[in-house]
Structure formats: C-alpha cells, structure tokens
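Several structures are given next for inspection.
Next come two complexes built around subunit A: one with subunit B, the other with subunit C.
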Partner chain A sequence: MVRFIGKRLLQMGLLFIVFLTILFFLLNAQPGDISQQFVGNPDIPPEAKEILRARLGLDQPLFFQYLNYVKNVLTLNLGQSFDHFPRPVSEILLQALPRTLYLFLTATLLSYLVGFQTGKLVAWKRDTPIERFTMVGSIILYTVFYPWFAILMLWFFGSKLGLFPLGKFLDPEKWFDSPYTANQVFNMMLLSALVAAILVGAVYWFTHKIVEPKPRQRARRLLLALVAIGMVVFWMVSPMSQYAADIAYHTILPVTTLTLVFYAAITLLTRSSMLETLREDYIFTARAKGVPEKVIRDRHAARNALLPVTTSFVLSIAAVIGGGIVTESIFSWPGLGLTLLNAVTAEDIPVAMGALAFIGFLALVAHLIADILYAVLDPRIRVES
Partner chain B sequence: MTQTVSRDTPMLEVRNLVMNYGTKDGMVSAVEDVSFTLARGDSLGLVGESGCGKTSIALSLIRLLPDNAVVKQGEVILDGENMLELSPEEMRMRRWDDISMVFQGAMNSWNPVYRVGDQIREAIDIHWDEKPTVREANAKIAELFELVGIDPSMMERYPHEFSGGMKQRAVIAMALSCDPKIIIADEPTTALDVIVQEQVLEELRQIQHDLGMSIIYISHDIAVIAEITNHIGVMYAGKLVEYGPTVDVFARPRHPYSWLLLSSTPSVTGPRMKLAPLEGEPPNLLDPPSGCRFHPRCPFATDRCVAEEPPMEDIVEGHRLACWNHDQVPTTAKETE
Partner chain C sequence: MTDVRDTDMMGAEVLDESLWKIRMRLLWRSFKRNWALFSQSKMGVVGVVIVGFFGFLAILHPILMATAWKGQEAIYDPVIGADSVIVEKTVVTEVTDPSTEMSFTEAMITGEFFPEEGMIIEVPIAPAPPNAKHLLGTDPFGRDIFSQLMFGARAAFILGVIAATSAVVLATVVGSVAAYYGGWMDTWLMRQADLILLLPLLPLLIVIGSFWEIGLWQLGILIGILSGLGATAIILKSQALSVKVKPFNDAARVAGGGNRHIIVRHIIPNVLPLSFLFMMFEVTGAIFLEATLSFFGLLSIPMSWGIMINTSHTQGYTLFGLRAWWLLFPAGLAVTLFAAGFFLIGRAMDVVVNPRLRTR
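Up next, the complex of A and B:
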C-alpha cells in the first residue's frame, strides 16, 4: 500500500507540472493584460503603462515568465495579485477557500447522504408510484438549467417569502462589534467538523476489534453519542456561536439549492447501481439463506451499490470550486469561485493561476483518495501490503 | 416440530405441482402436474434439457420464484406440513433450516465484499435455535470446512481469494451449516472442470452418506445423476415423464424420451456404438403440444399421443412413467447408421 501511494504521489507531481504548463499558456493566450484596464483613462500616459508592465514582469518573453512561475510554485510561492497589488495570491486564496469549502462540503455531504438513501429505497420499491414520482422529480432537477433554478429559489424563498437573506454570507450589522473575523469563525466551523469526522473514524477503528456484534454495536452507539454531545456542548459554550449561527442562516438557501441539484444526480446514480446489484446471484443466495429483506437491501445490495457512488462522491469534491463560479455569483458568496471569476475578468493572471492550480491540485488529491477509499471498500482491488 | 411421522411416509412429497410464468406473450407452462416423493436419506436426480422445468421445481420448493411466476395448484409437503401455505415470514425461517441449496454459479453466489466465514455465519445466526457466539459459529464453520476439504483458516478470506472448486466446496459447507433436511444441488458442478467436478461429487456423496440427509440433484448431465442418486426423475417440457430407481431407469429406460436421452450419452463400459443425437427442439411452452408433449419428436408417436395426454402410471412397483406406447421402446440403446 505504501509503495502504491508513493508511486501515485510521484505521478501526481508530474501530472501537476504538466497541468500548470497548459494552464499558464492558456491563460496568457487571452489578448491583452492587466495594463489594459488603464487604456481608457486619458490621464495615464503610455509610458506609465510600460513601467507598469515592466514592474510586473510582463515585458519579458512568455517562456521566461513561465519558467519563473513554475519555479515559484514549486517553492510554494504563488506570487502577488496584479489587481490587489501587493497582496500575495496565497493570502487571497486562503481567505476565500474556507467559505467555499464550507458551502460545498455541506451541500455535497448532505446530498450524498440523502441521495444514496433515496436511490436505494427507490430501486427497492421499483415500479411503485413512489418510485415514479421520485424519478420524475430527480430527472427534472437533474436536467434543470442550474443558474435559472438558483435564481428562482432566491426569488421565491428570499424575495417572495422573505424567509432567507438574499445574498452575502453574513449580516454586517451583527458583526459590527464582533471580536472575530468571519474567517476565524469559518475556520473554527471547518475545524470542528474535521475533528468530529476524525473522532467518528476513530470510534469505528477502535471498536472493529470487538468480535461479538452486540457489544460492538453498543460501544459504537455510546461513543458516537459522546462525540455528538461533545460537539453540541462545544458550540453552546463557544463565544463564536452567535456568529456561526448567522453564517449558518445565510448558508441555508445556497446549500439547499446546491443539495437539490446534486441530490438528483446521486439518486439516479444510486438507483441504477442498486438495480444492477439486485440482479446479482449473491442476492439470490442471501434470500435462499433466509436473510430478512431489509438486511438484503442494506447489507448485501446497498453495500455493493455504494462502490460507484463513492467514486462519484470523491470526484465531485474536486469539482467544487469550478461549480462555485455560478453559485457564488448568484448568491454573492465571496468564495474561491467568485475570486476566480473576478481574477479572470481583470486579467489578474497570478490569482487566476493560483485558483485554477488549486482546483487541479484538489482533483489530483481527490483521485488518490478515491483509489484508497475504493481499496478499503472493495476487497477485490485491495493492494497487497 | 414434535409431530410424529410414520416411517413409511416420505419426508417430502410434491403433489400435482402446476407452475406458470406470466410473460407479455402469455402464460408459459413451466411445471405441469408434477408429483414425486423423497424419503429421508434418499437422493433424487432431476434430469432434462435446459428449460424443462428442473430449476423451476427447485425454486418452487423454497418458494423463491421470480415475481412473474404463479403456482397454480399443488402441494409441497415436508414432514406433514404444506410449505406453500406458510406465511412469507414462516417460509423465510424455513429456508436453509429445512431446505438449503448448492447453487449453479458458485462463482457468483458469494457477496464479494464480505469474508466467506462471515457469510456462512450469517445463515447460522438466523437459523440456529440458540444464536451462537462468533466463537461457537466459527468452530462450526471450521468443522464444515474440514469436512469439505478446505483449510479452516480460509474462512477469514474473501471470495475472490478462493478458486472455483473451493468456492463450490464452501457453498456446500454453507448448505450444511444449519443441518437441513434437504439439500437441493442445482447443477452443482457444471461450472467446474472435470477433475474438480469429480472430487466435488464424491464429497457430496460422502457427506450425504455420513450425515444421512436427503439431496435433490438437478442436472442436464445424465451421467452425473447416474453416479450419485438412487432415484431419478426425467423431465420433459415441464412434465415428469419417468420416475423410478436410478438403476432400473438406466438399465431399461421405458419412456421414449429417457431412451433417446440415454442413447445420446456415451457409455465407457458398454459396447462401442455411434451416438444418436436427440433431434428437434424442445417445444414452445407458451403453446405446448397437445396430448403428450413429446409427440412431435417421438419416433413411436401415434394418433393417440396427439389427442390424449398419457397419465403417470406404475409400470413396475416404484417405476412410473407417462407414455401410451412404452412397450415399443427397445431394450437396447438407439444406434445410428
């Protein structure tokens, strides 16, 4: 396993450099540069423009710029923004990243949890009115033009019913005398979620050595309840909680919109995967053994139907930022997607490169995680350690 | 069950079983008026071409027919109880406990994501009267693995780590795990190569002899059936056409179909002769032939065979068959020129 991961890491490094190369030349292939922003202003003389270009290194041949860039990236230096000079790119990205991760991780996790369950049940209840209703709903949500749907949601729940805020990720009035910055709160929320995930993983890891199923289940329930109580108590006593609540309130509408759209795709995927599994011989074996129907559905069929869904889950995490451009624009959510969009329109090449490089990096990591997760879930492709 | 069953009553009795599959083109008459009995410790073989209803009978016994199947009439009586009248939940508890199965596709009958031992333990957990601990169940599985000739440590392995023959042996071990009254072996060796096939058959025979359980073998391979059963039922187009002690049926097949089936099978010990292939196709069961279902392919068919259906009759004690012209069937195998 270690050798396998090592090999994969090496491949990923090479692939990343190839990706950066293509990215760099593609981004520079667009006409003009940052100095063009000032062309329309008659007060700025052409010499000043030249000075600006020279300062930013844009007067050098493209190939030298490229070598310089790769060298910088490999030393973890993403450069400085042209548009917000001299703010470092990494600072801009790190400010936007937690907001995007928070929004999309919530929506992705939620939609996979609910979508998998729905797909499973729908496949099980094949040819019933419930199935047809769910299928029609899922296909509509899956095929709907997403920006239109998002605006419709915003109009209906935000404007018409006035239930949710129309945009932004916080209410400035409530943060007026806040001792925390929004990012501190975002980071704390992400951190607590990460800690909870690690604790849940640890609970399963440590209890799987209990041989008898009954005590194992009891131990798991107890420890998981402890983790849940711990999280609730932490956020109840934390002075950040009121600010976190404000952010959460602003999250509801974008997360619901995203979740509905993701959810439909996952329901459809799970359903077809589940229907395929239900035709397998081992499902018949389980029936012949007298295994109860619910256990056949969950333990035998759904467990195998999970495999393709897992792949899609991990890869969808990589697509988070790209998908963020539309969502973040519509809901005025100042995350990485919006940052990328602004950088590209302003020809702020370093920031655009940084954001895109990050997307590429995330995609590579997601593929590695998918491979590892697959090996965990499917003993047939487990690599001999 | 504390019910007392007299020695003469067969353990399993199938009476007048009629089963159809509903398709969009109409009803397929898959099992038509089949009756047979199985005594404790006995082994019965069901032979016939593909699609003749062998597997449909097996699935009727454990009531795991596809959704479009309808049991029109008949009784399946196991130790005095009609299995067809049990509630679905009662039936579920009987499966594997009373009747277990060795499947045709052992390759695919294991769930790929669970250890083989765990999958056997699943059956044990459901059916043993007192739910055993993991340790107790594992001890039983180890014992069964030794019985079928697999290293007990293999129960910690996943199905893909087993060879084809081992998977099939493990299925046999699983079939034995709840001490069933009857094991149905549906083409238990078809997917295996000839050498492994022989070993697995030998093991099955040995186990049956040692543990004294009843086995129903289903195969299109008449040679396999001959080797390991003491009763045989020959099926054609959903009907049982001949039933009797294996020795008798093989020595002197009296139904034209059995006779032709045996003539198309090579014999190593008998005189050397050319094989006579069975001509024609099995009939379309959406619209089965009138009278005797075999008459379109039968060399002895008469007008009566077209018009009237022959009943199952005892020819000799315990040897039944359904044919109007059975006395015309030669005593030696058919030879081609």
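Up next, the complex of A and C:
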C-alpha cells in the first residue's frame, strides 16, 4: 500500500510538472510578452523596458525561462497582481483557497454520501412510484444547464422566498467589530469538519470488527451521536460561533445548488451499477443460502456497486471544479474560481495563471485521494501493486 | 426453404439493377431495422422531436429574415436590432401597478415637465413583455428574444456539429491506432488521454478564451481536440481492442492486406457505430461548455443562448423571476432541452449499438 501511494505521488508530481509546462506554453503563445502589457506606455523609454525585461528574466533563453517558471510556481513565487498592484499573487490565492476547498469538499462529500444511498435504495425498489419520481428528478437535474439552474435557485430561494442571502459569504454588518478575520473562522470550520470526518471514520473502523449486526449498529449510533454532540458543544463554547453561523448561513444555497446536480449524477450511476451487480451469481448464492435481504443489499450488492461510482469520481473532479467556478460566479462566492474569472476580465495575467495552477494542483490532489480510496476499496489493486 | 428461394430470386433480380440502388436499398433496410430498435425507447423519440424542433427554429430564422422580417433588420436582427415597444402609462400619485401607472417623478424624467394626475404618457420600454410584434418580448436592449433564440439554435448546431465531428474523427483514429499497434504507441496515446482527462477543462478554456479571440469554429475544434484525445479516445480504444481480435482481421492479413488497409477497412468501420453514439454525447458536452463560456462573456460570438442568459443576468433581470419570465426562461430552457435532446438520442442509440441492453 505504501509503495502504491508512493508511486502515485511520483506520478502526480510528474503530471503537475506537465501541467505547468502547458501553462507556460499558454503564457508564451500570447502575442508579445508580459513586459509589453506591463509598460504599454509609449512615454517609457526603451531602456526602461529592457531593464524590466532583464529583471523579469525575459531576455534569457526560453528554456531557462521555463525552468525559472517551474521553480517559481513550486516555491509559490507567483509575482504581483496587476489589478491589486502591490499584493503578491500567492497571498490573494491562498486567501481564496480555503473557501473553494470548503465548497468543493462539502458538495462532493454530501452528493456522494446521499447520492449513493439514494441510488442504492432506488435500485432496490424497482418499478415503484418512488423510483420513477427519483429517476425523472435526477435526469432533469442531470441535464439542466447548470448556470441557469443556479440562477433559478438564487431567484427562487434568495429573491422570491427570501430565505437565503443573495450572495457573498458573510454579512459585513455582523463582522465590522469581529476579532477574527473571515479566513480564521473559515479555517477553524474546515479543521473541525476534518476532525469530525476522521472521528466518524475511526468509529466505522473500530466497530467494523463487531460481527453481530445489532450490537454493531447500536455501538455505531452511540459513538456517532457522541461525535455529533462533541461538535455541537465545541461550536457552542467557541467564541467564533456567531461568525461561523453567519458563514454557514451564506453557504447553504451555493452548496445545495452544487450538491443537487452532482447528487443526481451519482444517484443515476449508483442505480445502474447496483442493477448490474444484482445480476451477479454471488447475489443469487446469497439469496439461496437465506441471507437477509438488507444484508444482501448493503454488504453484497452495494459494496461492489461502489467501485464504478468511485471510478466516476476520478472522472468527475474536473466537472465539479467547473461547476464550482460557475457557483462561485453566480453566488459571488469569493473563492479561486471567482478570483480566476475576475482576473481574466481585468486582464490580470499573473493572478489568472496562478489561479489556474492552483486549480490544477487541487484537481491532482483530489485525483490522488480518489485513487488511494479506490485501492482501499478494491483489494485487487492493492495486491497487484 | 421458402426463405432461401426468396433470397435467391432477389439475387437474380438484383443483377439487373445498378449497384448504387442496391446499396441504397440495403442502407434503407438497415435504417428501418435500427429505427425499429431505436423507437422502442420513447425517450429517444422524444429526443429526436426536440432536436427536430430546434432544427426547424434554426432553419426558420434565415427564412423569416428574408421574408416576413425583410426590411426590418433594424428591429429583428438578433444582435444589432432594437425596438422600443411603446406603452401608455397613467400618471398617478400612488403607483400600485408599475406596468400601467407611473409617478410624477417618473413622468418628469420622460420629458413631460408639468405632469398632471390622470395624464396618459407614452413611454418606450425595454425589456418589453411578449406582444404581437415580439412573440417572446424583447431583451434589456430592445432586441427580439424570439429572433435571438432562433439564431442561437443555429449557433448551437454549428458548434455541436464541429465539436462532435472533430472529436469523434480524432478519437476513432486514435483509438483504432492505439488498439491496433499496441506497444509504445498505445502507451503514449493513452497516457496523453489520461493527462487530458485530468485537466480542469473549464478553467483552462476560461484562460484561453481571455488570451485569444475564440469564436464558434475555434471553440468547436478546441473542444473536439481535447475530448477526442481524451475521454472519447479511451472508450473507442476499448471497442477497437475487441474488434482487433476478430478473425476477419487475420483473414485480411492472409489475403495480403497491410496495416493501414486493415485499420481503415476493417477496424474503423466496426468502431464507427459506437463513434456515432459518442457524437451525441459530445454535442451535449460542447453545448454546455459553449453556453457556460459565453455566459461568462469570454467568447467572441455575436449571439448565443449563453449570451442571452448573460445579458439578462448582468442587467439584473434574472432576480425579477416570473415578472420577466421571457428573460429568465427561453434561453436557459433552450440550452437544457437541446442538450437533453442529444443526450436522450444517445441513450436510445446505445440500445441499437449495444445488443446487451436490448429488451427481448
């Protein structure tokens, strides 16, 4: 397993370098070079331009420029923003990163957890009104044009019903005397979510060894309730709670919108994967030897139906990131995607390229995690490596 | 026995006809057979109807421009046309219905400096709600929505055809070559496909769209290349692999066929049905990408459904909801239905191409 992860890490590192190479080509395929954008003013003497070019390393051969570029990206030295001039690009991007991460993680986890369960149940209840309703709903959500769907959600829940705020991720009125910056609260929220996720994982891991289903379920419920109570108590006591609540309130609509679309895709996929698995011989065997239906569904069928769903996760990362950009733009969620879009409209090339590199890195890390998850789920891969 | 005699008799009959007629008849027969399979799925027929409807709209636009709207380009042109619909409003002190009444201040803004209670003033409005002249109303700049919708259908078809054709041609060739030769060629092409799969496509296209001027053709070819070397190539390669092991390839080689002959004459024709299927899914993806990019305003296209959504969104009319439904619904529904139509056709074609899925 360690060797497998090591090999994957190495591959990902190589892929990231290839990605940076593509970015460098993009940057250099533009007409002119960056110094001309920087000093388009004819009043600036040619000597000044030459000095600038020398300072930016643009007079060196292309290959050295390339090496320089890779080194700079890897050391997070991404230059300064044109639009917010003296601010370094890496600072802008690092500020936006947790917000995108938050959107991406909650939407992905929620859609996979709920979508898998729905798909499983729907496949089990074939040809019932519930199945038909879920299927039609999922197909509509799956084929709807996403930006339009987000606008509709914003209009209906934000404007017509007035349940949720119309955008941004906090209410400035509540924050003007806040002792914390938004990102501190944000990071705390991410951290607590991570801790909770690890605890939940640990609960499942330890109760896995209890063979009898009844006590196992009881132990799981008890421990999960403990984790939930712990989280609630932590946030009740924490002085950040009111700010966290404000952020969470602003999160609901964008996360729900992004989740719904991917949830539909996962439901459809799980259903067809379940139906395929249910035709296997081992399901027949399990039935024949009198295994309870629920156990067949959860342990025999769903466990194997999970594999194609995990594969699809790897393929859908790019789509989730794309959806995230649209979500950020429509709900004015100040994450990486909105930073990229704003930079692109303001012709702020350093920020745009930096954001693209960040997003590519994010995609690679998500890919790596999905790969490892897949190996955990499928023993064949572990054994082969 | 009778069957055999029938075919024999037909064979004798056939010799009198020219070859292209036989080919046409065979084609027609296989089309009828496949259509019977295809139409088993109602969703597929719905897809055909939807796509047919948009095809009708796309053809209708130039016809209308040349006949009914001739000489009225200044009004009905989807990009530069503008029409201000005149509405009569009554001046009142207390405005209860903004579509028929206006306050004193509003009246003064229109140029009527001494308004009186009950006075009727004619004001041009944009966006105007649907009326006899503009079936779907006008957009915030006074352009006809119906005209834009039809023009957008044409743009969608052009983009879909370019993207799908280039993607599938590339993917078929790449998949067949990778499967046939194997070895380093296979490794190279498939690693390249993996890399493209990993690329965050939308952010990349956003940056490319900001650096260069991207029109419909460029975007279509770009999507075609990225998809044809990526996901589609992987799927078509697996199909080509299963074709490669069929005995007719060995027969062709024994008969003296070279590598290129076998790929072009034996492998690609057997991969083509699946390629054709993926063209449908390709259209769906390409339309979504185009509409998203033009929604961000990053493409240099005169008019498309994405630009229509962008216009009403940036002008702030999407939050009006049902009060400005002709700005919120037609364009978004058009993108959704168009993509869904091709998706449904693809799903139904899957049944034709993939015998395992047939209901017997």
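Rule of thumb we're sticking to: the second predicted complex is superposed on the first by the 306 of 385 C-alpha atoms of A that agree within 3 Å, B and C clash if a C-alpha of one lies under 4 Å from a C-alpha of the other, contacts with A are read in each partner's own complex, and residues count from 1 in each chain.
As a working rule, contacts are C-beta pairs under 8 Å (C-beta built on N, C-alpha and C of every residue); 3 or more make two chains touch, one makes a residue touch a chain.
None of the values given here were measured: they were computed from a predicted structure.
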Subunit B and subunit C placed together on subunit A: clash or fit? fit
**OP:** Considering only touches as defined above, state whether A:M353 meets subunit B (first), subunit C (second), both or neither.
**Re:** second
Worksheet entry | Partner chain in contact with A:Q242 - subunit B first, subunit C second, else both or neither | neither
Ask   = Given the touch rule stated above, what does A:L15 touch, subunit B (first), subunit C (second), both, or neither?
value = second
Would you sort A:Y282 into first (subunit B), second (subunit C), both or neither based on which partner it touches? first
Between subunit B and subunit C, whom does A:N304 touch in the aligned arrangement: first, second, both, or neither? first
- Kindly classify A:D378 by the partners it touches after superposition: subunit B alone (first), subunit C alone (second), both, or neither? first
- Task: Would you check which partner chain A:N77 touches, where first means subunit B only, second means subunit C only, and both and neither mean what they say?
- Result: neither
Between subunit B and subunit C, as viewed from the CA centre of subunit A after superposition, lies an angle in degrees, nearest 10, of 80
* To do: Once the structures are superposed on A, label A:Q217 by its partner contacts, choosing first (subunit B), second (subunit C), both or neither.
  => neither
Of the two partners subunit B and subunit C, more of subunit A gets touched by chain C
Rounded to whole Å, the nearest C-alpha atoms of subunit B and subunit C in the superposition sit apart by 8
Per the touch rule, the subunit A residues reaching subunit B in their complex are 211-213, 280-282, 284-292, 300, 303-304, 377-380
Listed in rising order, the residues of subunit B that touch subunit A in the complex are 62, 64, 92-97, 100-101, 103, 105, 108-113, 122-123, 126-127, 133-135, 158, 160, 174
The subunit C residues in contact with subunit A across the complex are 195, 197-204, 206-212, 231, 284, 288, 291-292, 295-298, 309, 313, 318-319, 321, 328, 331-332, 335-336, 339-340, 343
As the complex stands, subunit A meets subunit C at residues 15, 18-19, 22, 26, 29-30, 143-149, 151-152, 154-156, 158-160, 166, 315, 317-318, 321-322, 325-326, 329-330, 337, 340-341, 344-345, 347, 352-353, 355-356, 359-360, 363-364, 367
